[in-house]
Amino acid sequence: MTFMEHLPALQVVVPMLSAPLIVLLQPRGLAWAGATAAGLASFAIAIALAMAVLDGQTQVYAMGGWAAPYGIALEVDAFSALVLLLVTGAGAAALLAARVSVDRQIEPERQPLFYAAWLLGLAGLAGIVVSADAFNIFVFMEISSLASYILIAGGPDRRALPAVFKYLIMGTIGATFYLIGVGLIYMMTGTLNLADMQARIGDVVALNPILVAAGFITIGLALKAAVFPLHVWLPNAYTHAPHMVTVFLAACATKVALYVLIRFDSMVFQDRLSDHEFQFTLFALPLAVLGILVASSVAMFEGHLKRLLATSSVAQIGYILLGASFVSEAGITASAMHMFNHALAKGGLFLAVACLAFHFRDLRLSELGGAARRMPLTCAALVVCGLSLIGVPGTAGFISKWLLITAALESGLWGWSLVAVILVSSLMAVVYIWRIVEALYFQQASAEGDTSFAEAPLQLLLVTWAVALLNIFFGLFPHLPLALANGSAALLVGGAP
Amino acid sequence: MIELALDVVSWVLLAVGGACVLIGGIGGLRLPNFYTRIHAASLTDTMATLLIFVGMMLQSGLSLATLKLFAIMLFLLLTGPTATYALANAALLSGLKPEGDTGQSKHGENTQP
Amino acid sequence: MIYVFALFLLTLLVITAVAIVRTENLFVAVMLTSIFSLLMAANFFILDAADVALTEAAVGAGVTTVIFLSALALTGDWEKPRPGGRTVALGTVGVLAMLLIYASFDKPRLGDPEAPVHQHVAPWYLEKTPEYMDIPNVVTAILSSFRGYDTLGEVFVVFAACIGVLFILGVKPARQTAAAPQPVSGLRHHLIPQVVGRLLVPFIVLFGLYVQFHGEYGPGGGFQAGAIIATGVILYALLEGEAEALRAVPRSVLLALVVGGALLYGAVGVVCMLKGGAFLDYSVLAADPVFGQQLGILVIEAGVGMAVCGALLSIFHAFAARESMT
Amino acid sequence: MKLLELLGYYNYWVFAVVLTVGLYAVIRKRNLIKKLIGLSIFQSAVFLLYITMDKVEGGTAPIIQKGVPDQVFSNPLPQVLILTAIVVGVSTLALGLAMVVRIKESYGTIEEHEILGAD
């Protein structure tokens, strides 16, 4: 087997096996260097996989040499390639910028363990996206969850501990619900491979356990993905986590759970269960709309900068679910694109927050007066990413908002009211981004704060600006992610092989 | 003939062993305080284990299973009483006074507080 | 026949679960959890799951109770009762129970041979294991070779838990007591448990090694062996004192065990890749594929055993060291 | 015969009851360690569901003795899945307990309402 054929396995193995090695790198800074090398290597593998998928070959890899239903198969198609790019890209970028910010928040002797946990999180998320076996997704979901609990609990802030404990309880309940759902499907179909499950689920006579399994899996993954009513753990966990951890998790952790939800619901339950499409829309649409409206309004009145952005993440997850709930090609394309664009916008915003944290101990909006004069570059990057979050034309956010609106119009009678919801929530986004801009630019510096020019360290600033420019680049030339998103929509809903 | 006799003996042993476990259980429920209840519990640990395992060994005759049963019995007979001793000691150390003990044991030296 | 046992043990299970939730004293709750795990292990054994029963007993009853007790020693052991309405919680939970019981009538009955579970993938495993691996224990064959990637993920879950506990408990506690932390020796002046302990610990560790290398022929394998050996060393630590146990198995050895076990498992996979097979495809390891499979299974089970033993011990030492600090 | 028929579903009912007892403990109890105990009960119920599937009437544990002709075996696959799930449960528990210890040190209490009050 040539090197190219091993790529799906290497995508998970490279970060996973480098985690134990990094634990051994005690001398200062070496742990960070090792972790960044592994992160960049996995990003390179993801790019190679995306290129292979773009020119038409979906890679299937039989793990251990055993064929699909008997062994575990890995499969990289358009949808997983897009999410892989997103996960490894966010991981590598956050790692590149992490050294200065982590040095301030975590003692040197604990850093090797911290970076090992980071790589385990990256490997777990990549393992979920690459896997085509239901139970294997559970195992890697546990790895990524444990790693994110460790990362969030790492910070100096004592309030991180109760927040991450709540996240642990709700995350474990979500994963166990998912396990019950997979168990019930396995009980009725006798197989764990996703494609095999899809083939055999049609001729199951007793439908009750399958419907209960669908309920369990959807609720479990909604808990993991912080969908509206089940999102209570997200704001506190992301606010009190170390700054670079928030950058990494906000960009990709919840999206992978949404990826599994969309893949399960459109691949395994969809075309065989008679009226399941209607049930999924009946469940997902109201939650998405509620999530968008409530989370955006809460974000408008939020005082702390990081909590504001975390609450806005819940609203953006609502957008992704809204696109998926149309269960149409346009809908899935819109939700896949919004996964990509939101990661860019929110990743950039939290990077800017990490830069601000260098000179402003307290991140409440009232305390951020005069930041623009002291840190002009950081605030400029923050504004660019904010515009992309709103969806101003010319930025990445606009592309996905536009696709969402076209998908809403196509979805028939409810179309116009949904377009109204999207526009109203975009206006709310304008309001809370403007509140940040007003605090940074027009608010007077508090009395004793010095206003000398003091920018964030170069390394962190460069990565922040790189992500901001990427926001604009993918706003003007979106054909790479768009091609992958269209491919995944055709695959999931269009019934393409 | 020998087979029948062996079977009868092992059934008797198993029945008596079962009865010992039952007595231990009832003792554990009915007896008033902690220290007396340990006596009942240790009955199942020692006497019942011995009877039941010898009964089972007779059933399995001369085979590897008999050796394994003997090893398990030895392990149980070793750990059971030690666990009961450690339990009682920990209770005494944490200040649970046995009934009617006025702090002066027979030999005149004070039992540890 | 199994219905009688199942009926009796499962009812006891439900009673224990309710008792755990109702009791106020946390020590009682932890002891009842240990009994709950033992009952669960007995249930598994009746349902023909010998490997799982051994794991549940060793990991569930053994190590979980030790970790709970060492955590309880650092926090309070009484729970403050919560007055007020229970109706909301009982309501939601009751609805879920009704839903599940309603859905249970379409499921195949216990032990029904025509159930779809026994038709599709399982017979292939039972038929192909003697052919590809020629080892009696099919569960170990699936665990380590057919679904070896799951077990690799599993080893890294244990590895994540180990570095997580070391990372979270790596922070020195704020209220450092002025006096030098007096060495916490186990049951200090209790001769009998120490003598019996010294007699038993070698046999426990020996039994752990037996379970490790007997994994292909009978119930056993890496997880169970790691847990049993860890329980043996924890018994030694409880009796002789934590400092003594650290002298016997120092922290650096533990970290080496965890990292070595995880890397050994991954290295076997990478070697299979280099020799031309897929990741974790052991048949390329040796000339004869069957011998290659057996070699691969033996080596990765050793890796799993090392990782689990090292992880559980370093978690125990992280908690125990915390006691001596505060 | 009807009773024996119903007895076949007894395992699933016990699974449902133990699952809800665990979930009740996690939702209702405010002591963090009691929540973790509830969580481990909740996960043990799922193990029972999987292992109930693997039993075949008259089958033995899936260990193939060489000489013996046509034996009936129980299904080995759920056992493999549950071996993994048990160790996942213990790992999450260990991490949760480490957090409870740190919370006790920084907040002085492990009752959820007192912790939320402190901030």
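Structural remarks
Here the chain labels run A, B, C and D in written order, and each chain numbers its own residues starting at 1.
To be clear about the criterion, contacts are C-beta pairs under 8 Å (C-beta built on N, C-alpha and C of every residue); 3 or more make two chains touch, one makes a residue touch a chain.
None of the values given here were measured: they were computed from a predicted structure.
Note on connectivity: the fewest chain-to-chain touch steps from chain A to chain D number 1.
Annotation: A-C is the more contact-rich of the chain pairs B-C and A-C, by number of C-beta pairs in contact. Computed centre separation for the pair chain B/chain C is 29 angstrom, with centres defined by C-alpha atoms.
Each chain gets one centre point, the mean of its Cα atoms, and the points for chain B and chain D are 31 Å apart. Chain geometry summary: the mean Cα position of chain A and that of chain B are 58 Å apart.
For chain D, residues touching at least two other chains, in rising order: 19, 23, 53, 77-78, 81, 84, 88, 91-92, 95, 99-100, 102, 106. Among the residues of chain A, those touching two or more other chains are numbered 135, 139, 142, 146, 149-150, 153, 186-187, 192.
Listed by label, the pairs of touching chains are A-C, A-D, B-C, C-D. Of all residues in chain C, only 2-3, 6-7, 10-11, 13-14, 17-18, 20-21, 26, 29-30, 33, 36-37, 40, 43-44, 47-52, 55-56, 59-60, 63-64, 67-68, 71-72, 74-76, 79-80, 82, 86, 89-90, 92-94, 96-97, 100-101, 104-105, 107-113, 115, 117-118, 121-122, 125-126, 129-130, 136-139, 142-143, 147, 150-151, 153-154, 157-158, 160-161, 164-165, 168-169, 171, 173-175, 217-219, 221, 223, 308, 315, 318-319, 322, 326 touch chain D in the complex they form.
Across the interface of their complex, chain C is touched by residues 4-5, 7-25, 27-31, 33-34, 37-38, 40-41, 44, 47-48, 51-66, 72-84, 86-88, 90-95, 97-102, 104-106, 109-111 of chain D.
Those residues of chain C whose C-beta lies close enough to touch chain A in the complex are 99-100, 102-103, 105-108, 115-122, 124-125, 128, 145-150, 152-154, 156-157, 159-161, 163-164, 166-168, 170-171, 255, 258-259, 262-263, 266, 269-270, 273, 276-283.
Contact residues on chain A toward chain D in their complex (touch as defined above): 135, 138-139, 142, 146, 149-150, 153, 158-159, 161-162, 164-165, 168-169, 172-173, 176, 179-180, 183, 186-187, 192. Across the complex, chain D meets chain A through its residues 19, 23, 26, 32, 35, 39, 42-43, 46, 49-50, 53, 77-78, 81, 84-85, 88, 91-92, 95-96, 99-100, 102-103, 106-107, 112, 115-116, 119.
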